[in-house]
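These notes open a run of structures that come right after.
Presented sequentially are two complexes of subunit A, the first with subunit B as partner and the second with subunit C.
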Partner chain A sequence: MRTYDYSAPASIDEALAALKEYGDDAEFIAGGTSLILMMQQGLVQPGKVIGLGNIKELRGIKRSADGGLEVGAMTTHRQLETSPEAFAYAAALPQSLGVIATIRIRNQATLGGNLVHADPAQDPPPVLIALDATIDVVKAGGGARSIAMESFFTDYFETTIGEDELLRSVKVPPMPAGSRLAYKKFLPRTEDDYATVSVAVRLGVNPDGTCKDIRIGLGALAVTPLRGKAVEKALLGQKLTPESIREAAALVRDEVDPLDDVRGSAGYKREMARVWTERTIASLAGVELKAKA
Partner chain B sequence: MSVHQISFELNGKPVERSVGPEVLMADLLRDDIGLTGTKIGCSIGVCGACSILVDGTLMSGCLLPAIMVDGRKVTTIEGIAPSEDELSPLQDAFIRKGGFQCGICTSGQIIAATALLAQNAKPTREEIKEWMMGNLCRCTGYYKIIDSIEAAAGIDRANV
Partner chain C sequence: MKFEQTIELPGVSPERVWAFVMDVPSMAKCIPGCDGVEDLGGGRYKAVVKIKVGPIGLSLASEISIVEKDETNRTASLQVEAADKRVGGAVKATMSMKLTPAGDGSKLEVSTDANVMGRIGDFGQSVIRKKADQTLQEVAENLRKALA
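Coming up: the complex of A and B.
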């Protein structure tokens, strides 16, 4: 690995000042599980690396007064996975972190690092899209902005985050009353693999069985994580039955644009997207799917 | 390029080194400090051979820049026995129960299991499997590794 200059500032302001000084020759390092590998392979060759480990403002998991949740960028996957605050918000959120790689990697990898890395097969993005999360970003020289999770990713390993910006935290709004979250990661190869496809759904059902709330996040199904808007639109306000769920889930095939890779062909993943969308919605709705005649 | 003075506690003893930011913990331990019990297998954080504890937390030495352990406590396989003449319960159990074959993964297995038993003194077999999923044994001696961890935890499988 090529060497580089390194500093580990103690505040966000100092980190941003260092970023401004070095411009696009600088990279932030959080847990390092992705950046170290990319530097070893020569895919990234920064002249300056800015360590974020000493910045206390980037740590911590807080429940907000309105019932939402704010997670600091430097929170490790394992901290979020074992957080009572996250569990109280929605059990499937910490559980979705528990299916990433192995405990050892989850002890090192951070949520902020995961998001800016922007690998389309990662697990937190579809979950955070389903939860309507926003990303809080601070800018060198002052200023901050919030980005909706669903528009954060722009391309394969690319996000809207600028060369002069730092991801500070992730905020999820309170769960709508009665809504629940589920995340399904389809792993036909090994338990510690990246998802072949993954589906996160937040669903609320009215007493009459109609759909009150639905948001769908899709992972590993395009060059970026996606939101399953057509499926949401088809079900919102409709009665949730095996037939309506099957019909709506089929629409996901036209929303995704998967890549052929070792985990399957694009056509196979498209079909698995339909299957897992249908199953995830049905499990949350308490609807039993009938075998296809 | 920058050089950094780091100081940390290694297996209970203070260590000071000056390192470049690109130096990884597994390399510092093996090549500079001379503790070769920590192995390097895949070098990409998958196999677990380089498992170490940092402030008691299980980590991959091959993905961890040495500068990140500044001010922290590092434990390697050389540091888990209570004394020169005594093995840790896990080390002892791995020998008694045949928890290794070729031995290349064993340091990592024992370090990972040490972290497990520190926070879950009586894990179930399923909990052991889930925790140890990140430590590969290419001799595939997994059952005896699990048996060894159960033995170290004082779990008598005949009575479970």
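Coming up: the complex of A and C.
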């Protein structure tokens, strides 16, 4: 590994100033679970590494007055997994953090680092897309902006975050009344693997059994995490039955563009996207799926 | 890793396309991140191609040789050898080209067979394929613009 200069500023302003000073040669480091591996492999060789661990403004999980949730970028997966605030918001949110890798990784990896790394097979992005989250970003020299989670990822390992920006926090709006969240991660190989496919759904059902709220996040199914808009559109306002869910879930096959890899061919993942979308929606709707005749 | 690409160039004569693609410095301008083309003589050229995938930046020192060129049938074959010494990886590729008239314009068929070695290869073949597909599409788009 190339030797590098390290500093750990105590404020966002100092961190952004250091980034500006070193430009392309600098990398922010959060938990380091991805960056250090890439540095060890020699794929990334920064001359300056700026640690974010001392910046208090980047920490903390709090409920907002309107019932939403704000999570600081340096919050570890384990902190969010065990957060009473996150449980009170929607139990499936902290539970979705509990299926990431191993506890050692979850104790180290951070939410902000995970999002900026932009690996399409990670677990938090589809969940946060389903929850309609926004990302708060601060810019060097002042200024801030919010980015909708579903438009944050642009390509494999790429996001809309600028080279002079830092991810400050993730904000999740209040859950619509009566809506619930579920996350399913298909792991046919080992318990601590990356998802072969993953599906997160936020669903609300009217007393007459029609769908009043639906948002779908999809992981490991393209070069970026995706939103399952066609499935949402097909079900919103419709009666949730085994047939309607099956028909709508089949639309996901045309929304995804998976990569072939050791976890399966693109065709297999496309089919698994349909299966797991159907199962996740059905589980939230309390609909029992019938086996195909 | 094999790539097949067909570039339709309506309204551009095969003569013009042939002259453009056989002029390596002009063609290099259509390759995103390609800089500083140097003519080594004898159909050999040197260039640096910069590729970025998130935090990973590759700087590929490349040597391009025209190994076959058939003016009559408008077919050619190019060999590309590129390496990033810092990251420790290399790409060796053979590109075969065939140019034919199509309607009022031309059709360029390019077939590439690439071997990716070292750390770049470890990165994941599916990601490399996706990135290469994107780059080839950009090259085609830039070529259309350059000849428009």
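What we mean here is this: the second predicted complex is superposed on the first by the 293 of 293 C-alpha atoms of A that agree within 3 Å, B and C clash if a C-alpha of one lies under 4 Å from a C-alpha of the other, contacts with A are read in each partner's own complex, and residues count from 1 in each chain.
Just so it is clear, a contact is a pair of C-beta atoms (placed from the backbone, for glycine too) under 8 Å apart; a residue touches a chain by one contact, two chains touch by 3 or more.
Bear in mind the structure is a predicted one, so any value in this text is a computation, not a measurement.
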Subunit A as common anchor, with subunit B and subunit C clashing or fitting: fit
Partner chain in contact with A:M38 - subunit B first, subunit C second, else both or neither: second
Subunit B versus subunit C as contact partner of A:G60, first or second or both or neither: neither
Touching partner for A:S7 - first (subunit B), second (subunit C), both, neither: first
First (subunit B), second (subunit C), both or neither touched by A:D192: first
Computed vertex angle (subunit A) for partners subunit B and subunit C, CA, steps of 10°: 100
Touching partner for A:P174 - first (subunit B), second (subunit C), both, neither: neither
Partner chain in contact with A:A118 - subunit B first, subunit C second, else both or neither: second
Touched partner set for A:V223, first subunit B, second subunit C, both or neither: second
Residue contacts with subunit A in the superposition, subunit B compared against subunit C: B
Distance in angstrom between the closest Cα atoms of subunit C and subunit B, superposition on A: 15
Residues of subunit C that touch subunit A when the two form their complex: 53-57, 86-88, 119, 122-124, 126-127, 129-131, 134
Subunit A contact footprint on subunit B (complex, rising order): 1-2, 4, 20-22, 24, 43-46, 48, 51, 57-60, 63-65, 67-68, 112, 130-131, 133-134
Footprint of subunit C on subunit A - complex, ascending: 24, 27, 35, 38, 41-45, 117-118, 155-158, 223, 259-261
Residue ranges of subunit A touching subunit B (in the complex, touch as defined): 1-8, 29, 32-33, 36-37, 39-40, 49, 51, 53, 101-105, 107-108, 191-192
